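Each of the next two complexes has chain A plus one more chain, namely chain B in the first and chain C in the second.
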Partner chain A sequence: MAKKRAIGGIAGIFLDEATTIKAATRVREAGFTKFDALTPYPVHGMEEACGIKRSPIPYVTFAAGCVGLLAGLALTYYTSAVDWAINIGGKPMFSLPAFVPIMFELTVLFAALSSVGAFFYLSGIPRVDPPIIDKDITCHKFAIFIPENDVGYSADRAEKLLKDLGAVEIKKMAEY
Partner chain B sequence: MLKRNQLVLGNKTLKDVTDDICAPIERVPSKEWMGLFLTAKGLFIFYILTIAMVVSTGIGLLGVNHPVAWGTMIITFVFWVGIGHAGTLISAILFLFRQKWRTSVARSAEAMTVFAVATAGIFPLIHTGRPWLDFWLFPYPNQRGPLWVNFRSPLLWDVFAVSTYATVSSVFWIVGMIPDLATVRDRAKNAIRKKVYGVLSMGWRGTAKQWSHFEMIYLVLAGLSTPLVLSVHTIVSFDFAVSGLPGWHTTIFPPYFVAGAIFSGFAMVITLMTLVRIGFPQFKNYITIDHMEVMNKIIMMTGLMVGYAYGAEFLIAWYSGNDYERYVFMNRAMGPYAWSYWIMICCNVIIPQLFWFKKFRRSIPVMFVVSIFVNIGMWFERFVITITSLHRDFLPSNWGQYAWSMYDTAILVGSFGMFFTIFLLYLRIFPAISIAEVKPVLNVGKEDEHHGKGH
Partner chain C sequence: MDSSNHSHELKLNKFEAPQQLKTAIFAAMFIGFLGLAYGLFKAPDRLWTSYLVSFFFFACLGLGGMFFISFNHVAGAGWSVSIRRIAESFTSFLPAMFIGSVILILGFKYLYPWADPSQAHRLTGGKALYLAPWFVTLRLVIFGIGCLIFKKIMVGNSIKQDQNGDHALTHKNVGFSVGFIAFFAIFFTLFSIDLLMSLLPSWYSTIYGIYAFAGMIQSTMAVLALMIIWLKNSKWVSGYITVEHQHDVGKYMKGFTIFWAYIAFSQFMLIWYANIPEETEFYLMRSHSGWLGVSVALLVFRFAVPFLALLPRDAKRNDMNLAAVSILVLVMQYVDLYWLVYPNFFDGIPQFGFLEISIFVGFAGVFLKLMTGFMTKNNLVAIKDPRMHEALNHHVTY
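Now for the complex of A and B:
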């Protein structure tokens, strides 16, 4: 990470949800593709405005759930019927109905923990000292950030666009 | 069309929401909080000492003996696990049903779940008698064969169910808190606070991509927690139902236990929320009387469900024609433990009927008292189930009483010290209302709600 040159850019600060969504739509229409919108809470319609695809986390959940189910089956089968089979109350060595709770719990456990892992990976957290555009973005302000490596970027153009869209403040960021 | 009531009162702006919710964690604790905390902490220390005595001397200090080999430990374990269920119901199931009112109480309810399960988890671990060998509960390769655990036993299903539940609930709670911790981090005035919350918030920034993934993981975890929470108390009920004992061996147990768990859990949420509203008056705008009323309705409904289950058990005991089954139920209502049975009926079935009246549903003192009664009643429900079935089974020569000792009382009372100590600390360390979830519902019920937003 240390070698990688930090990417800077221009950020515009907005004061309400509706203006930010409109601005994000217009920034996208202006041809920018790598811009990002920062909001204090999940804003409905922001994904469409920014052109963000549906999160792939459910695929991870499903795959990990299947692994968990099979792991539960393998664990119970191997320990109860193969490795040291003990006759308990005359029940079959491989008592599938009795193993269902274990398989179910492991399905949920694997699915949940792997999904959280996928969430961390996809959202780029944990991250040490993330650059903060404005302290109030986690409270009551909104921001749109256009990085300098975006298509057709020039500092003046980005600044003018954000101002025209209703940004109350423009910030030049050295690192994002 | 019916008008919705406002979910948040007082015409709050986004900044007000942040300020109000962060206030309790950014100021010197109030005298009330200190008083409560020191009391809870004292009780917690007492609890630790009790456990130390029980572990060092042996569980013979408790009343468990032949024929009643399951006592306070199991009763109180089931009680605390049940408390936790309402938290998951609010945070996961009501989320899936898109109940917007849940946002204000979801955080604290989920916290209650995590702490209640932590409190519950201690009991079976001590009840094994040799808690230093508790790792034997898990299947791990060992030098004794390897000798594996018995996967056909409901007690082992319980190990898996409760530990999975504890893990997934904690993860759900912590992940849901990340954006709010970032809010606290960005408001922090001193360096240590900034560092601590910086670590806890894991570098969250609130970009559109992060929110997109966040909403998805929240949905996924809610979807996973829903069947999980139902499975947990089902499996806890299997501890009883899979045995052959009259009064335990019934198919009604899983739904009956789950309903009872939600019933007692909501009562605990009401108890805690009334206290939180008193301790932090600014929260009254977020946890409104409307919220409390909705929860009281759920208490009444689940109370009727457990009432129905009590009746159905009697009917089936009679209808089955099984002498032992019939005797156990007659013995419950009229035997030596009849007092506990009637405490249970009064607290769980009769007292919640007050909530038919809107005036009582919306009265803080009334709901506080009722919620305490429900908590007592639900503890006694588990007492009735556990003790009455065990103390008189098939052969009269095998009958006996539960020899309740002062250590039973100490363990039971002390566990509240542990729960409240952790809960009070939580109120001072984490935002007790979900900031990022409340902000989007600020406009619900306001006149200008429908200005082109796609709700």
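Now for the complex of A and C:
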């Protein structure tokens, strides 16, 4: 999710996948909602463990696809039947079958580009200076980060919870 | 993978068809027999058109089962091994398909202009040779026997593996799958051309085989989805077949819904655009009076409705919704084949009645009889497949 403002918090470093999933489940059960899990590779079941809702991107794709379809129809209709209509095939000026390929292509184009745009926006990309919790998170370590603006947050409580769940190291982050 | 996310209890019992189903199958076969007897004596023309549509419909399901297991073997797919046995059970219809195509030879003279010597002048050159009755029969027999051989080997290997757990059988099946797909690509194209396209020998479309294939695979996925919904939490099996498999089969069905529309439109648009009389014949027959409605219904109910109804993620994970769309797809597969066959015989007036229903129901009875027989005789899941752990941990991410 896009985070415009620097927010501090507590990060716990874990050494294996199973502990991280269990820890994420427990952190969610403890009432935290804005925490994040950072892993070196996609972990199956992590979405459920963290309680992450589905991404809104599919709705953007669908809406943009519908807009693209109508845009394709409008473009072909205007250029073939309204402005400077030239009959070269003996067909009616407004011939839907001839327009379908263009409508289809614009549907795909709008849907695809909007999805990428929505994905960039929601992920906060491009961000040139991401804070680094631990450089080994991209390699072999796992982390759970609880931001300080989370529900019922206190530094001591978060630290104790993560330690109890098997974190080998606790890091206080000034910003994330 | 932490197993706590997928803590299914695995259960696998011997399948036994419920008594009501057995009675229904028997009744269906009896109705089919009545229809056959009535049609043979009273209305042989209608009987054979009805027979052709229903025969092709169920042949497609048997072939679709073979094709599904083949492309999963070739791709080395792990997620689908726990539902592979269901697809294998569809292939038990292939012996009936062979017998059915031999029976169809009796109906050649009612169906095909090329089987009627007085129509011979409509065929010239290579077409006359290609559509010589002996040559068509030869292709039908090669296709039927070839499919039976591949089925015997590939499904046989799979069942053998249930006993001995030999991994080499999985590797062997990859080679046979490649062979089957090559054989199938050529002979299914010829099969659809011989049985359906040659009803109007003066017309041809080079995309016809793919069109028939698109409907075949889409309807197979619909039956597979229905079987998964029925079996996944039944008293015979649980844990092996999950909503994740249902979801992916639903995705296949949606994918091939789009594929069908793509192929159907590609065929239509080129013919419409070029507007050459010898090509437009096919669409002219289907674009006036009664047949126009059927053509539009195909566009709406075979593409638009299933496409939108399968689009959301939850639509594929919801049993009621997926079952409803699957049934719609199967109905439209029948309508599609009907639309390919009937306008050649009934100009402007769609005919539908007892003969169509009874023959279809009879074929459905034979199909279910053979399928449930296969399921009773063998395990419902290929339990010793080396990739089973992948299927059990299959998880569709969001």
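Remarks
Note that the second predicted complex is superposed on the first by the 171 of 176 C-alpha atoms of A that agree within 3 Å, B and C clash if a C-alpha of one lies under 4 Å from a C-alpha of the other, contacts with A are read in each partner's own complex, and residues count from 1 in each chain.
By definition in this document, contacts are C-beta pairs under 8 Å (C-beta built on N, C-alpha and C of every residue); 3 or more make two chains touch, one makes a residue touch a chain.
Computed from a predicted structure; not experimentally measured.
By the touch criterion defined above, A:44 reaches both chain B and chain C. Of the two partner chains, both chain B and chain C are touched by A:98. Legend: residue contacts after superposition of the two complexes on their common chain; A:83 is shown touching chain B, with no touch to chain C. Taking chain A as the reference, the larger set of touched residues comes from B, when chain B and chain C are compared.
In the superposed model, A:169 lies in contact with neither chain B nor chain C. Of the two partner chains placed by the overlay, neither chain B nor chain C lies in contact with A:148. Of the residues of chain A, those at positions 18, 42, 44-45, 47, 54-55, 58, 89, 98, 101 touch chain B in one of the two structures and chain C in the other. Across the interface of their complex, chain C is touched by residues 17-18, 21-22, 42, 44-45, 47-48, 54-55, 58, 62, 89-90, 97-98, 100-101 of chain A. Here chain B touches chain A in the complex through residues 13-15, 18, 139, 145-152, 156-157, 160-161, 164, 167-168, 171-172, 175, 178-179, 182-183, 185-187, 198, 202-217, 220-221, 224-225, 227-228, 231, 235, 238, 435-437, 439-440, 452-455, going by the rule given at the top. The residues of chain C lying in touch with chain A in their complex are 1-2, 4-5, 265, 268-269, 272-273, 275, 311-313, 393, 395, 397-398.
Contact residues on chain A toward chain B in their complex (touch as defined above): 18, 24, 36-47, 50, 52, 54-55, 57-58, 61, 75-76, 79-80, 83-84, 86, 88-89, 91, 95, 98-99, 101-102, 104-106, 108-109, 111-113, 115-116, 118-120, 122-130, 132, 135-140.
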